[in-house]
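Consider the two complexes below, in which chain A is the common component and chain B and chain C are the respective partners.
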Partner chain A sequence: MGTELTRAVFNGVLGGGVYALMAVGLTLIFGVLDIINIAQGVMVILGAYLSYALSVHLHIDLFAGLLVTVPAMFVIGVAIQWAFIRPLRGSDRTSMSLLASYAVAIIIEGVLYLLFGANFVTLNASYVTHSVYLLGFYLPDIEIYGFVMAVVLVAAIYALLYRTRFGKSIRATMQDRTAAMLVGIDVNRVSALTYGIGVAVTAAGGMVFGASGIPFNPNSGYDLISRLLALIILAGLGSIGGALAAAVFMLTVESVVDIWQPTWAVLVFYAALVIVLLVKPTGLFGRQAARAQ
Partner chain B sequence: MNRVVILRACLVGAALAAAAIFPIAFTNQLVLTMGFFTLLYIVAAVAWNLFSGYTGYISLGHAVFFGSGAYVTGIVARDLHLGGAAEFALLPLALAVGALIAVPFGLIALRVRRHTFVVITIAIFFIFQLMAFDLKTTGGTAGLYSPFLPWGPVVFGQRFYYIVLALAVGTVAISWLIRGSRFGLQLRAIRDDEDRAASLGVRAMPVKLTAFVISGAITGLAGAIWFFYISQILPGSGFDPIFDLTVALMAFFGGLGTVSGPLLGALIIEPVQYYLNFQINNGYLSQIVLGALFLLVILFLPRGLVPTVGEKASSWRARRESRALDAGAISAGQVVREQASGPGPIAKGTAR
Partner chain C sequence: MRSHRARFLSVGITMAATATMLAACSSGSSGGSSNSSSTKSPILIGASISTSGDFSADGQAFLRGYQLWVHDVNASGGLLGRQVKLDWLPDNSTPNQVNANYTKLISVDHVDLTFGPFSSALTGPAETVIARNGYAFIEGAGGSPAVFSSPGNIADHNLFDVSLPIEDTLAPIAKYLAALPAGQRPKTAAYPMADDIFGYPPVQVAQGIMSKAGIKTVYSHIFPEEPADYAPAADNVAATHADVVVLGSTDVPTVAAFMKAFEQQHYVPKYFAAAAGPDQGTDFTSAVGVGNANGMMVPNGWYPSSSNPASQKMVAEYVAKYGGDASGVNADIAEAYSVGQVAAQAIVATKGTDNAKVIQYLHSGVTLSSVQGPVTFDSLGRNGDLTAYMFQWQNGQFVQVLPVGAPGTVKLLAPKPAWTNG
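Moving on, here comes the complex of A and B:
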């Protein structure tokens, strides 16, 4: 029992790192653009399929392939923002952008179906099947590598936000868009780049997700996005530290519940979300008392 | 009697007559099926708009009501061994199920606004889909079958058509009555500024919840009829995220918060989608087309068909009137032109 529990905690923390990476992208986009990118889930799957295509057809290593897929996803993100999100104006902007990103999601899903079919696939490499003996457990190499990469990338985003001039303009835009414009920040550029960064991390997240042993198909995006949304709402929209904490915490809880109740472990996510919102509608680490409508 | 009112009454009468004759004129099964689904989506879109359009709370979880209405009637019909047309006795149950689920759903979700509300509706939607997959009573991934109806294909198509036509007429009537009522004004006040509406004495929560319950009940009923029609339900088809999106697309396309908007949206989009599905014969491609269509609507028709056309028409009418005034003024040799030729009285938001 004890070892099972420790193993569950290990799995939760390792998986939580990857979810944190994907959730940070989502919450960053929310903070700057004030929109929720429903397409984030299917973009993760798109990232996984890009890695899949590179490794199957061109025999490029999964991690080396990220050098291609991350910039590719960045460009896709900037293009989507420029074409579909930026033109939205007016009082209905919030709901319109949500629906626009939902539409983008079903288009990407349809394209993936056409290109790769509905069959479930997994990513393969030597370190996907190999595992190391660590602290009394056999842990798959990929989960450790993935966790390390997620930590490095999240740290890089943190450094970008808090140590660079560009990060300062992102944070300024998050705090007050109008004031940021007044002090001379090119808000449109910041928005486009932030959307690009938020989407680019899905390439890395998607690769680890696809290699972690659970088979995926184009439809897997829905399950992912619902979890990611639950995480960032739970954390409080726009809170990056909160998203990290919520991801690691929820994944740990899920994998612990999984010991007793495998079928209903997923429900923990949504149940926790509902309970937290009943008590504190702004989420655990909410920035401010609910932006007025 | 106003001329516009008479014209409108004639239009409604003509549309009703056309809808009533339709299944007698076209007995082709494919056409009957298309008619059925178009009317079903009119019900769903108008019911969705009745809450989301009037209050501005965009729900992407209405498939919860649709799927629950279908599943509960299916489970009860199976457990009571109902056969044949007896299943229609369960329709009030579907209505009640939609309403009963809407109460706790609304009490949780309506505490938050904007993005958070949308996300909560999505989360609750996934809880229901998960239950459909994992509960024993729902049949899991194998789904459920509805009782067999011993009707010939044409009679089957025609009967279902009239059932859903009656529901559509009722739903549009409810939507129209609500929009003009005090209750409808309260809903729209909440959409424009909830805090201010509350400070002016609108009891926001009960008002929002009532609209949510009405909308959910109708959607539940639509789900049950849909289930009887296609006779099988699966977790993924009963609780379908595409359903949420399609319904929202129809309302947006026609004009959010109007009575005729969602109706027109469904009337245009569903046959187009049906035709595309039939022509392309590839669900994925038609999914891409639906998404692209949605993006085009958002980018180029952000306020929807009905408000945009209404505005264009009234500004055109105003221009024509001012031109007529101009002409009159010139012939009379008067110098009132400057007063008359100003921008026409464009009445925003009068389109219905």
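Moving on, here comes the complex of A and C:
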């Protein structure tokens, strides 16, 4: 039993890294823009397809391909923000963002169907199927790399938010858009760049998800979105580090439950969310903390 | 001014999104006008198709199967001198949309006959609507016991599945392993099953057979059909080091996720059979790699290189119309095409599209032909004529390996070769 538990914890921690990579962009976008990006799951798949295209057609390594896909996704994110998100104003802005981002999801899904078809594909590289033997367990290389990348990206975004002038303007916008405008911050520019960064980070999440062993097609994003939303709510909306902690916590809980009764794993995942929110309605790390100076 | 503009844009986005969704929900039709010199109204066939959603890959293949049959029928002059037209609606793989689609097809479009959607998960809910309207429901991918025993079918006996009922599909491999001499018989088996009415019935039957033969069950769990839950379940199976894995998979992603997790865990079962996934031709091998596919088994009633002349003709026509080669023609195509063939024979025999007559005819015990083989329906619409075969990937070829001694059967490759790193 001890062996099974240890393996479940390893699975949870490493799998949590993969989910954190997919969720960080979502929580960043909500934290700054108050936008609920329903398209996040589809954007993960878009990132996976970009990596797939580079890998299959240009034979570019998956990690090296991020040098292309991350900037590409940044540009796509800025364009989406300009076309669909920026026009949303007023008190119903957040609720309207659900509809707008759903439209974005459908459009992206449709384009992916046109370009790649409905057949499932997967990302391949030597480290996708290779694993290292550590403490009596085989740990997949790709998930170790994904976890390390999640930690690095979370640290980088944290540094961006708390150690740069641009980060200060982001946090000011998070706290009060009107006040930020009054002190001379170009809120539209900050919003566009933040949305772009959130989508760009998702390129990394898409690549690791696509390489983690589950074939994907343009529709696969819808399997992800409810779980990603649950993770960032648990973390505390807008909390970057919290997204990583929540992903590790939830995936570990699920993996442990999976030992005894896999069908309960999903139930426990969401039950854990409800229990945490009952005790701490702002989530594990809370939105206020995320927006603190 | 800004507020007015914002409201305008909000409305605009709402309309754009609505338009996009409506476009996604728009129907399609094929056939009817091609090669038609007849003034008679076409025979209208209604179907709900999963061109998006969880079953999109299978659904799009199913649509191609229906369209290919319509094309072939019309090219040979139609049925009873009438052209055939397929009226299909997309369902996004959701039961609610399937129900709405069949209601519209019957009540608004007034289709003559209804064909099934892809999967037991969608056929079951659709059956309720179709039975209520007194239509025959001919389908090729709803073989779960839960579908046949649905209240609508129990009451009206209007469901007809032209394919192999799924419950006994894994029995050949279970019986084969159970019959091996004690020294060669596997000692342990694992039975992970997807939480789907298609996934667990055949695995439970196989488990019963193998348990009786003394093959110890070391893992038997149903796991949620969520991507995040595949790897933990697969890792737990790998930890048992079972000699045999019988996986209740529903599609390529499920079985591919298990295979990759096994490879990462350096675990190679001696025998690995999956309920679905490896039967998807190049869709499967492109997802898992030809090398890793080696030794993977799957039950089926049809395969592209079948010696059935009608099947060979269909495969050739498919390749000519859609490109690729025979190995890319998956079982979905044959299942959908068979639905059309059975319906055509019923229409010709009953001299029309009276659904009551079609139902009566299909329940008459008559044996019909299809690209999958003979079709005879029992009282619940199960096709009892098809034999359950096991197929296996062997060096890039999809070959029949069970039952032993059956025509076309080759030697089963065991133990399963090692993973080949993709």
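Definition applied: the second predicted complex is superposed on the first by the 273 of 293 C-alpha atoms of A that agree within 3 Å, B and C clash if a C-alpha of one lies under 4 Å from a C-alpha of the other, contacts with A are read in each partner's own complex, and residues count from 1 in each chain.
Just so it is clear, a residue touches a chain if its C-beta (ideal position, glycine included) is under 8 Å from a C-beta of that chain, and two chains touch if they have at least 3 such contacts.
Since the model is a prediction, treat every value here as computed from it, not as a measurement.
Novice: Go through the superposed model and pick first if A:Asp92 touches only chain B, second if only chain C, both, or neither.
Specialist: After superposition on chain A, A:Asp92 lies in contact with both partners, chain B and chain C.
Novice: Looking at the overlay, does A:Phe84 come into contact with chain B only (first), chain C only (second), both, or neither?
Specialist: both
Novice: For A:Tyr102, using the defined touch cut-off, is the partner it touches chain B, chain C, both, or neither? Pick first, second, both or neither.
Specialist: both
Novice: Have a look at where A:Leu67 lands relative to chain B and chain C in the superposition and call it first, second, both or neither.
Specialist: The answer is neither, since A:Leu67 touches no partner chain.
Novice: Please indicate which partner A:Ser126 is in contact with in the superposed arrangement: first for chain B, second for chain C, both, or neither.
Specialist: Second partner only.
Novice: Identify the partner contact of A:Tyr138: answer first if only chain B is touched, second if only chain C is, both if each is, neither if none is.
Specialist: It touches chain C, and chain B stays clear.
Novice: According to the stated criteria, A:Ala265 is in contact with first (chain B), second (chain C), both, or neither; which is it?
Specialist: Only chain C is touched by A:Ala265; chain B is not.
Novice: Name the contact category of A:Gly110: first (chain B only), second (chain C only), both, or neither.
Specialist: both
Novice: Which partner chains sit in contact with A:Ala159 here, chain B, chain C, both or neither? Use first/second/both/neither.
Specialist: Neither chain B nor chain C is touched by A:Ala159.
Novice: State which residues of chain A lie in both footprints, the one left by chain B and the one left by chain C.
Specialist: In chain A, positions 84, 87-88, 90, 92, 96, 99-100, 102-103, 106-107, 109-110, 113, 222-223, 263, 266 sit in both the chain B and chain C interfaces.
Novice: Along chain A, where are the residues that touch chain C in the complex?
Specialist: Listed in rising order, the residues of chain A that touch chain C are 3-4, 7-8, 11, 15, 19, 84, 87-90, 92, 96, 99-100, 102-103, 106-107, 109-110, 113, 117-122, 124, 126, 128-131, 138, 140, 212-220, 222-224, 227, 251, 254-255, 258-259, 261-263, 265-266.
Novice: Under the stated contact criterion, what part of chain B meets chain A in this complex?
Specialist: 56, 58, 60, 108, 111-116, 118-120, 122-124, 126-127, 130, 134, 193-195, 241-242, 245, 248-249, 252, 256, 282, 284-285, 287-288, 290-292, 294-295, 298-299, 302-303
Novice: Which of the residues in chain A end up touching chain B in this complex?
Specialist: Counting only chain A, the residues touching chain B are 30, 35-36, 84, 87-88, 90, 92, 94-96, 98-100, 102-107, 109-111, 113-114, 222-223, 225-226, 229-230, 233, 237, 263-264, 266-267, 269-271, 273-274, 277-278, 281, 290-293.
Novice: Looking at the complex, which residues from chain C come into contact with chain A?
Specialist: Those residues of chain C that touch chain A are 2-3, 5-7, 9-10, 12-14, 16-17, 20-21, 24, 51-54, 56-57, 59-60, 93, 195, 221-224, 226-233, 235-236, 239, 251-253, 256-257, 260-261, 263-266, 283, 286-289, 419, 421-422.
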